[in-house]
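Heads up, the next two complexes both have chain A, just with different partners, chain B and then chain C.
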Partner chain A sequence: MDFYLGLMQIIGVHTLLGLSAYCVLLTGQVSLAQAGFFAIGAYVAGMLTVLAQWPLVPALGVSAVVAGAMACAVGFPALRVKGLMLVVATIAFGEAVRLFFFNFTYQVQAGNLKLGPHGAEGFRQIRYFPENGWTTLDVMLFIWTVVALVMAGVWWLDRSRAGAVLRAVGEDELAAQSTGINITAVKVSAMTIGGVIAGIGGGIFAHYTTHIEHVQFGVVLATFAIAYPILGGLSNVLGTLLAVIFIQGFLIEGLRFMGDWRNLLFGGLIVLAMNVRPRGLLDAGAMLALKRLVVPSKDRNGA
Partner chain B sequence: MLDLQGLTKHFGGVRAVDGIDLTVSRGEIVGLIGPNGSGKSTIVNLICGLLPPTAGRVVFNGADISRLPPHARVTLGIARTFQNIRLFGQLTVWQNLWVAQNSGEQRSQNFLPRWLGGSSGAWEEINRTLEFFDLAYKRDELAANLAFGEQRRLEFARALAAKPALLLLDEPAAGMNAEEVDQLDGRIRKLRQDGVTTLLIEHHVELVMSVADRVAVLNFGQKIAEGTPAFVQADSAVREAYLGTAAVA
Partner chain C sequence: MDALDLIDAVQSVADGVLFGATYALLGIGFTLVFGVMHKINLSYAAASIGAAYASLLIVAGIKAPAILVFLAAAAAGGIIGGLIYLVGFKFIPLANPLATLMSTVGLLLLIDEIIVHTTAGVPLNYPALFSDVIVPVGPFNLRGDLMFVFALSCACMVVLLLLLYRTRLGLATRAVSQQPTASELCGISITRVNVLTFVITGVVGGIAGAMTGAAIGMLSPLLSLPLTVKGLIVTVIGGLGSIPGAIIAGLVVGGLENVFQFFRGVSERDLYIMMLLFAFLIFRPGGVFAMPVGRD
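Here is the complex of A and B:
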């Protein structure tokens, strides 16, 4: 049972990571910096609960603000470049963050233990959950409450005028500028929202793994972040969730019995999925079919 | 209202626009014609800010706007359409107008209603514009799924969503049949009654001659004639530019 609860936790946190990339991707920007924001969130939240003895929720709030501010600051220079150049620039940022934490030591003596980030050895003993008597189920429920809130928020944003503007910028920057949209402001805002979500996700990640180190936040994690919304499709946030379940639940855990063959199949299955559903797992057509299932045809009026 | 002063744009050695002076007064419909490559579209890009001028100035309502970014010019009241249609294909017809509500007045709304919901007044404006362009019945269709003529109309409608004082139409009649050109003619006239000034860049000479108060003719980036449609049609330099020297003799 604990295995499944653990899996649910992983899926929840990765959904947050995927949603942070989703927001940026709506404006047509491929950013590999999301793992960097996730790392910042993880370290900030971890240090607040362990070193400053903060409760978890305010710590997550601060990690969201710090990661969001960082995303905003990175957004201005990074979004001046486009396409592949942006990918390179954001990888560079992500690696810079990772290497910062590789070298970052800030430890405090607590009894006979030293607490806090310790360079390459990482940041151990983030024991907020066990110290406060949270069971795996409690943690899982907490994570999914946060995921549900963030998903509802992004869903709502997506349906608002702001969401339409993000998509307009993603479709045609030149036309967007010419209809009076300040594309720099829009892209930086999307990056900031993405940073906030990644910060929350990172903060939660630090607490359920209890031990974070720089290698966890490398290019692989950044690639996963961007792969979820691309594989899931950009028609809405449910696609990202579905892609996380597909990759984390099926490809990584479900195929574990295949041993080394799994890694081989992993890439192959993603390529296959993208070929069968080029606009994402949950594209506009799939959504329409779902809507028909939920709302019987006689209830829909006309159009 | 719009005053181009010695406007010049060079691309490397090519003088795409070479010292153009042109004035458009409030309420006027001015036609801008010229053979292919004469610099018409470059002028539109210079006025709406997609290109910086090499020299010269764009003056709008008395203020030099030559260095303003495109979105700021829309806020001041300059909107445009594109010659090759550039809609937001994966947005609905309605959303295409929704995102384009960026006039100064629309921007001055409170932050939350503007970005999250939109006021009923703003929705009403969108619906009215869609009615005006016969697109109301397609309002929830994706723009990419529209027929060509509908896309042309939507492109025009989207430019009007920002309630511009000056409208730049870049070849709005391209690819249209006679009936559609007629409707376009009617719409441009109707908009003038509503106080919209239009700079019409067009290949379709009949449309320009019918609707424009004044016509300027470009050739190789320079203005070779300007005047009433009848005057311009009679001008020998214009005939030369379009037909070649031999035909005039």
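Here is the complex of A and C:
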């Protein structure tokens, strides 16, 4: 049972990561910096609960603010460039963050233990959950409460006027600009929202793994972050969730019985999925079909 | 800093510049595909390493000289390049840039895993030419194998430039990269140009992979991600679509890498490269050889 609860935790945290990339992708920008914001969130939240003895929720709040501020600061220069340039600029930023933590050591003596991040060895002993007697179920419920809140927030954002503005910039920048939308402001806001969500996700990630190190936040994680929304489709936040379940639940855990062959299938299935459904698993057409299934009568009246 | 340190520093820069030739080749590959299709092929560096591995497989039976291994790598690279086009680009609508980005990511993971699966993740030795030759130049020593890597990469670049600027195929390629619709109206088959671009960049990538293996002395699946990042960096610093830019940027990045490594140690080396790149993108987003900005 604990295995499935653990899997649910992983899916929850990766959904947050995917949602952070979803916000940025709505404006048509491919950002591989999300893993960097995730890392900042993880380290900030971990240091606050371990070194400053803060409770978890305020620590997550601070990590969200710090990661969001960082995203905003990076967004201004980075979003001047587009396409491949932005991909490379954000890879550079993400790698710079990772390498910063690779060289970052700040430890304090606590009893006979040294606590805090220690360069290449990483940050051990983030023991907030076990120290406060949280069971796996508690942690899972906490993570999914946060995921549900964030998801509802992004859903609402998506349906509101702000979401329409984001999508307008994503569809056609020139057209959006000529209707009087400030493109830079929109993109930087999207980046900041993405940073905040990644910061929360990173903070939770640090606490359930209890040990973070720089290699976990590399290009691979950044690629996964954009893979979820792209694979799931950008029409809806549920697509991201579906893609996370598909990748983490099915491709990574579900295919474990295949042993070595699982990793081979992993890449192959992503390629296949993109060939079969280039606009994502849950694209606009699929959503429409789902709606028809749920409310068939209304649809018939409309048609 | 005394004289001995200075000599060491210059020596390491020279080694870095010689090795940078492989980065330049990778940068050219990224740039060519981007120029023709306006798409990023993220699986390119992984395919290059894959081609180098494939060359080892081809010559595993017979005891082949190193030069034959390199040729095999080039051929394998061409085949893999064609396959990548077929699997990752052919059937995906080009109007959707995210889909091809994702499919090449999938291919990157797939190629990596095929390598890990067939070799059980163990690094393999790769042959090199002139590895026992050391040319003394004043107080410095130039390694023979690195010199060969540099020379072969330069020859490869010259052939590529001739191909692009002196043949009909090159003319067609440049036409498609400038105006796809107009070139199609002139009777150029875009699909054919795309396939050939992938095969040609694949051959270049195969050579780059073989040269990387020859310079390091071994091949490991762990090489593909750092090489992807370095190749993208070179492409961007050199300016998108600019081949001379990619060549110079490759050599510069190779040299700078060793400068930072010499002064700040290997763990901080890439940190400075990344920060440099980020600053570069902000102040000069078009690359060193940026065209004057006009309307598109």
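Just so we're on the same page, the second predicted complex is superposed on the first by the 297 of 303 C-alpha atoms of A that agree within 3 Å, B and C clash if a C-alpha of one lies under 4 Å from a C-alpha of the other, contacts with A are read in each partner's own complex, and residues count from 1 in each chain.
One rule holds in what follows: a residue touches a chain if its C-beta (ideal position, glycine included) is under 8 Å from a C-beta of that chain, and two chains touch if they have at least 3 such contacts.
This is a predicted model, so every value here is computed, not measured.
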Legend entry - Residue contacts on chain A - larger count, chain B or chain C: C
Inset, instruction - Give one of first, second, both or neither to describe whether A:F93 is in contact with chain B, with chain C, with both, or with none. - result: second
Inset, instruction - Answer with first, second, both or neither: which of chain B and chain C does A:A168 touch in the superposed model? - result: first
Inset, instruction - State whether A:N182 touches chain B only (first), chain C only (second), both chains, or neither. - result: first
Inset, instruction - Name the contact category of A:A152: first (chain B only), second (chain C only), both, or neither. - result: neither
Inset, instruction - Go through chain A and flag every residue that touches chain B in one model and chain C in the other. - result: none
Inset, instruction - Spell out the residues on chain C that touch chain A in their complex, using ranges where they run on. - result: 34, 40, 87-88, 91-93, 96-103, 105-114, 116-117, 225, 228-229, 232-233, 235-236, 240, 267-268, 270-271, 274-275, 277-278, 281-282, 285
Legend entry - chain A-facing residues of chain B, complex: 48-50, 69-71, 74-75, 79-80, 82, 86-91, 95-96, 98-100, 102-103, 114-118, 140, 158-159, 161-162
Legend entry - chain A - residues contacting chain B, complex: 160-162, 164-165, 167-168, 171-172, 174-183, 303
Legend entry - Residue numbers on chain A that touch chain C, as the complex places them: 25, 30, 77-78, 80-81, 83-85, 87-89, 91-93, 95-96, 99-100, 102-103, 119-120, 218-220, 223, 226-227, 230-231, 234, 260-261, 263-264, 266-271, 273-275, 278-279
